Amino acid sequence: MPCSLLILNGPNLNLLGTRERDIYGQETLEEIISRCSAYADKAGITLEARQSNHEGDLVEWIQQARGVHQGIVLNAGAYTHTSVAIRDAIAAVDMPVIEVHLSNIYRREEFRHVSLISPVAEGGIYGLGAQGYLLAIEALAARFALKN
Amino acid sequence: MPCSLLILNGPNLNLLGTRERDIYGQETLEEIISRCSAYADKAGITLEARQSNHEGDLVEWIQQARGVHQGIVLNAGAYTHTSVAIRDAIAAVDMPVIEVHLSNIYRREEFRHVSLISPVAEGGIYGLGAQGYLLAIEALAARFALKN
Amino acid sequence: MPCSLLILNGPNLNLLGTRERDIYGQETLEEIISRCSAYADKAGITLEARQSNHEGDLVEWIQQARGVHQGIVLNAGAYTHTSVAIRDAIAAVDMPVIEVHLSNIYRREEFRHVSLISPVAEGGIYGLGAQGYLLAIEALAARFALKN
Amino acid sequence: MPCSLLILNGPNLNLLGTRERDIYGQETLEEIISRCSAYADKAGITLEARQSNHEGDLVEWIQQARGVHQGIVLNAGAYTHTSVAIRDAIAAVDMPVIEVHLSNIYRREEFRHVSLISPVAEGGIYGLGAQGYLLAIEALAARFALKN
Amino acid sequence: MPCSLLILNGPNLNLLGTRERDIYGQETLEEIISRCSAYADKAGITLEARQSNHEGDLVEWIQQARGVHQGIVLNAGAYTHTSVAIRDAIAAVDMPVIEVHLSNIYRREEFRHVSLISPVAEGGIYGLGAQGYLLAIEALAARFALKN
Amino acid sequence: MPCSLLILNGPNLNLLGTRERDIYGQETLEEIISRCSAYADKAGITLEARQSNHEGDLVEWIQQARGVHQGIVLNAGAYTHTSVAIRDAIAAVDMPVIEVHLSNIYRREEFRHVSLISPVAEGGIYGLGAQGYLLAIEALAARFALKN
Amino acid sequence: MPCSLLILNGPNLNLLGTRERDIYGQETLEEIISRCSAYADKAGITLEARQSNHEGDLVEWIQQARGVHQGIVLNAGAYTHTSVAIRDAIAAVDMPVIEVHLSNIYRREEFRHVSLISPVAEGGIYGLGAQGYLLAIEALAARFALKN
Amino acid sequence: MPCSLLILNGPNLNLLGTRERDIYGQETLEEIISRCSAYADKAGITLEARQSNHEGDLVEWIQQARGVHQGIVLNAGAYTHTSVAIRDAIAAVDMPVIEVHLSNIYRREEFRHVSLISPVAEGGIYGLGAQGYLLAIEALAARFALKN
Amino acid sequence: MPCSLLILNGPNLNLLGTRERDIYGQETLEEIISRCSAYADKAGITLEARQSNHEGDLVEWIQQARGVHQGIVLNAGAYTHTSVAIRDAIAAVDMPVIEVHLSNIYRREEFRHVSLISPVAEGGIYGLGAQGYLLAIEALAARFALKN
Amino acid sequence: MPCSLLILNGPNLNLLGTRERDIYGQETLEEIISRCSAYADKAGITLEARQSNHEGDLVEWIQQARGVHQGIVLNAGAYTHTSVAIRDAIAAVDMPVIEVHLSNIYRREEFRHVSLISPVAEGGIYGLGAQGYLLAIEALAARFALKN
Amino acid sequence: MPCSLLILNGPNLNLLGTRERDIYGQETLEEIISRCSAYADKAGITLEARQSNHEGDLVEWIQQARGVHQGIVLNAGAYTHTSVAIRDAIAAVDMPVIEVHLSNIYRREEFRHVSLISPVAEGGIYGLGAQGYLLAIEALAARFALKN
Amino acid sequence: MPCSLLILNGPNLNLLGTRERDIYGQETLEEIISRCSAYADKAGITLEARQSNHEGDLVEWIQQARGVHQGIVLNAGAYTHTSVAIRDAIAAVDMPVIEVHLSNIYRREEFRHVSLISPVAEGGIYGLGAQGYLLAIEALAARFALKN
């Protein structure tokens, strides 16, 4: 069965590469997604990527992933620390979600140290920059390979 | 005067009956609303029901209820625990709001034990499943009967 | 099978209607119980009601309800916030308990925002005045109807 | 160089002058903005004003202000206390933001005492009613005058 | 109008003079009450004194004081720190209550530093030994003299 | 001198063996006490056992133990976590008290992790089921043997 | 030996009777002191009274009381809740200090519920208005009578 | 009626312009006050300015402002975070007080995030440097203009 | 099957009987172990005892007990309050562990009131001195007798 | 330049595959390391792996890695949550460290939610089982490739 | 360049040697200063010493030390734990300050465990009695020797 | 009697002078110890110095110091904040221990602000670099001189 993954990015990640580059790196979101696609293509994985600054959009995209995708790579950005709604959406869909953070959130403000997403995610990766997305895709791919 | 009520449902409640049934029960949101409508019809109450995963939608629907409805039955879902905006909207409209939760939120994660809605609601019902909606409608109906 | 319910009231509720009427309403406890009985009669439900200012009495009445009643409507008053003993009694008897509070406890002092009863109750109703008792009886009745 | 400012208002501020007038004052948002415009006109400042109940809208408007406006006057309303996403948007755009609150938030509920916006704002004004907007415009104008 | 006062003593105060004398002093409760009576007699005040180790007894005695006594001197002992029920009883009866503690509770264990009674009492006296009772009677007497 | 011990059991312990057997074990309180008596008889120890759901009863029985018994085995049940009055009674009587808990209270709800009794008890035993009572008797017996 | 007492009043108490009369009463500080003096005269007690808005003044007056006065009646006002220096001064002088508060500080803001003075005071009186001063003098007088 | 305002500055503000200029700016306190006076003169406002490192001085100057000035601009410096006495003085005088902070106190140490002054101030301005004083004067002037 | 038990003692317990005898008693660790061995011999139990000041040693000894011993008596000393590693070792081996403390840890510093061991131990004994070890052995012996 | 990595494993990880398999997975530590070596070989990376239950060993191995290895993959096990010493060692060596956890530590006990290692690590991976080690090696490899 | 140091002592330190000698030692402040002077003389250091019970005095003396002294030895006494104003004064003057405490403040009340001074001091000495002053002078002397 | 002192250094202090020199200074541990020895030699003091990264080593060295040394200079490094075992060892040996920290731990991470060692140490020195060791030796020398 071909594997399809969804990459979701939360608020302000559309600004990547154009703001606070010392924290978030030089690449734009488009460049990162493009790298992910190239990577996925080689592995025979279909990839869809979306970004929104609206909490409700992320909730709905997670809901709609059921039956369409086999896993989600989620960088919920600022909503990581405040959104019970996204957490509930993840708990509701029966699908592995891998949490990704570009920066090392544990070196930043106290309120960024707690993620509401982590307890419902399968696992997560922090502080490894754009490569975190690639590793997350690889992890999901390995997981499905194992099952098939 | 005919009585009109608004039933508002927050994030992920559109998934009712299709996810985590041991927590939230077997009925879909449509079935619950349908039961509510049948109940309201008998009591001569007009009913309107809406659901959104967007915090801002709920804020606006509460604002617009003034002059249109006489009361609101609100299950704010995950926003119960995070939305000061919905709380402020309730405080701003001069209308009784009854808070409903399908599950017993006090048996779940710590962060679900605090509701930002409760202090501005007229009252509330938790843990009685879909029947909570019917009881809330009944409570509002009784209240208006008393006033008329 | 005929259904029998027990209504238990905790400390100071014997003063209802005679004290702090702006918080607790105009009706005396006798008048509320009387309304409950009328309601129960129509529904073919047997009702027994007791009040005590002693924590130990409430513990024992809950214990003794086993095999005699099918459900309990409990307004534990001040003991709601301090009694682990009542909580344990509820957990020990295999019977649905519905928690009722006349006032909106979430608008009052901080220490009234936490109920030790809620996590062991089936569900609860707050802030709807004396009608909360009627709704609780209705909820238990519906539950038993469902089972029979 | 002509100066252009953006005034952003968050949830429920569209109800100004029609709700809780003892807290928020008698003027509608339109009237306040109109006063601001008159004030700005005299000072040769271009003004644009927007309001939304959606967190994501505010995030996006702040993002889009880069290159268009020289400063932002922000009353984030209820999102002041809950939105890390708006905070991140402010941190991401290289532009002075002045936080305004109509009421004295330190006299109100505990949860309104902490602003997630303040640490990333240039400065702020609270409790001075609609005049707070005018003073914020004046502060930004003075700042740009200084630079030119 | 003749003035009648009620002196209530809570758990373990029946052991006064026989236990932990370095903390609570040498006098028995009987001796203290006897001193109070002599003092009251001179001032033309009727005095009734009761002690119980049962929280519910104290709740009921406070309830029954209405219409019988004009004020209460209350040493709730250990229940000072745990009884919301006694607090509610005081709030329910329209009568001045003066809180008395023999020892300086602020030099003792942390949990004795908070009194649930204080916010509903008229005032209080701590750390002045048995004389605290006399001063409380004097305070109530002065208060009634003022009113008459 | 013949040794006499008092075994006190608090609220809901009269239900032992009939409720929540996975937590509290299969034996009834009568069976446990009977085992204790047999054990005591062999060791020439007189044993008296009481149970009450009333905090005040436990306070009084502890007070009355002075001059009658040489030690107390106390399972205060739910009052372990809420009763300052029982704590004060123990501090007031000059007699070793050994605290017993059938279950491992540290594996249960957070509020059961703190005992108000422990700091005034001689020592304690938790999580060893009914055998905890026998070990407590043995500990007191050994202690008195040492002194005689 | 003739007894001499010092009455110390802290910040803002010089405004008594002229500000916030619903909280602090109608009498000016002069009138209260005058009542105290009359009372003391009858009892053969010498009285000295001082007020300052400076923490350092209060520290020094307490230090200087040694060898001059036999006891201190102290209403430290706002410094009650913030001054470790006054606390240390009290601990340093070997003399009974009675803490007085005109209002019931436990009904006011949270930060007024904790007194740094209480643990080093002999005892204290709260919420009994100006009479609190008289009762404190009486308590010290009785104490010295007892010793002589 | 001519308007007279009092500008009060707390501890260490006498060092302005000579210390930590990156935090507090380049101007000395004299220069700021001088700018304020020029501004006030134009608006027909009388201005008096004082600075002290003594908490008691600030308390007394606030007390003495009654009947002399119509409003106070207060930068309490370090006492903002520790002085209940200044807070009480503000509450005691019936006069609008506007709190000013030169720096953005919310970007600094945690203990500077809480102001004891804010809840009793009319409003406040932070992080706008010396201009904050001018805006505060303007706000008070507008307020009095409104009333006259 | 012959029963073999392991007694483990943590840091500083090698000093028993030679330091702080008022807290820990007069016996040396050797004397206690010797008493335990005599007791075990009679009961046909094999006993091995070890002590270490190194957290890692205790972790390894617990790991190695699998298949060699049937139960562990553990006094982890200071590591009780800080070692997640020992806790994990206990959770990893499928064997009953009984926690022993010589002193009443609940009468000592706050940080000694929490044990990381208790939630993974079968049960525990505190404050009964060296006898606690004997009782723990007895408890394990009884447990195995029951199973055989 | 050939790349050499060090894989360090903390307490109890030597039991992998033999204990609590539902949490930590089926593979032994040897099998995981063996998979890592195969993976590293292909990528031309030298790998050294060590495990210890002693905090001090881990501290020393990290110290000694300087000049020998180019990066560290660290699963500090239980010491993750308690060891400031390991944290300091990481901060002292100028070398990227990637934190790995087999399980999702955010679904487990509260005390496992905080890592003392994270703020000094380059980044981390949790909840992805043994694959987490492979991804960490890949991340370090990519990093060095980038630099060369 | 000759070195000049300032020794500042806070509230109640003028009582040294005359109060609580078990905590603070037998020497008077004069004797300690005298020892310091003798010590300084030998080292060719000029010494000035001051004591005040007024927070504002300490603030001003620290301010005035600039350009006059090269370092400060500060025992702020009770103000150590409450004075942000002294902390700010230290931060404002560009001069090394060494904090001295006669007693071991970490063995005393909880509120004495936190020093507002420490984070802005160069370093500090606690619990070494009057010798702490000498060591602080020595440390400053060594520091200046190093620089010259 | 000749005086012998033990200098103990905890984890990572073997890296001194080679890591994070801005925090810990330029000298290696060998150089510091060498300076200490020279200093001790002059004063006729015997010195022994040890360093370990193992908590258990430090515990044992402290235990073994009894009868061999007269005092200990202890820089426990990271174990300062986590080791109850070292604290207990200090409490167990009857010998003055002086705590030394090279850096100002109160300017660093929050978790470094609390020392478990301080309450059992005689006194301590922080933030004075390597000189702190010399001052500690001097303090102990002075102390023994005083006694002899």
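A, B, C, D, E, F, G, H, I, J, K and L label the chains in the order they appear, each numbered from 1.
Note that in this section contacts are C-beta pairs under 8 Å (C-beta built on N, C-alpha and C of every residue); 3 or more make two chains touch, one makes a residue touch a chain.
Note that this is a predicted model, so its numbers are computed, not measured.
Chains touching both chain B and chain H: D. Within the contact network of the assembly, the step distance from chain B to chain E comes to 2. Both chain A and chain J derive from one sequence, and where they touch, over half of the residue numbers involved are common to the two copies.
Over half of the residue-numbered contact pairs at F-I are shared with one candidate from A-J, C-F or B-D, namely A-J. With centres defined as mean CA coordinates, chain L is found 47 Å away from chain F.
Per-chain CA centroids place chain C at a distance of 32 Å from chain E.
In chain L, the residues that reach two or more other chains under the touch definition are 54-56, 82.
Contact between chains, as defined at the top, is found for A-B, A-D, A-J, B-C, B-D, C-E, C-F, D-H, E-F, E-G, F-I, G-H, G-K, H-K, I-J, I-L, J-L, K-L. On the side of chain F, the complex with chain I involves touching residues 98, 104, 106-107, 113-115, 118-119, 121-129, 131-132, 135, 138-139, 142. Residue ranges of chain E in contact with chain F, taken from their complex: 10-12, 14-15, 19-20, 52-57, 77-79, 81-82, 111-112. Contact residues on chain H toward chain G in their complex (touch as defined above): 54-56, 59-60, 63, 82-85, 87-89, 91-93, 116.
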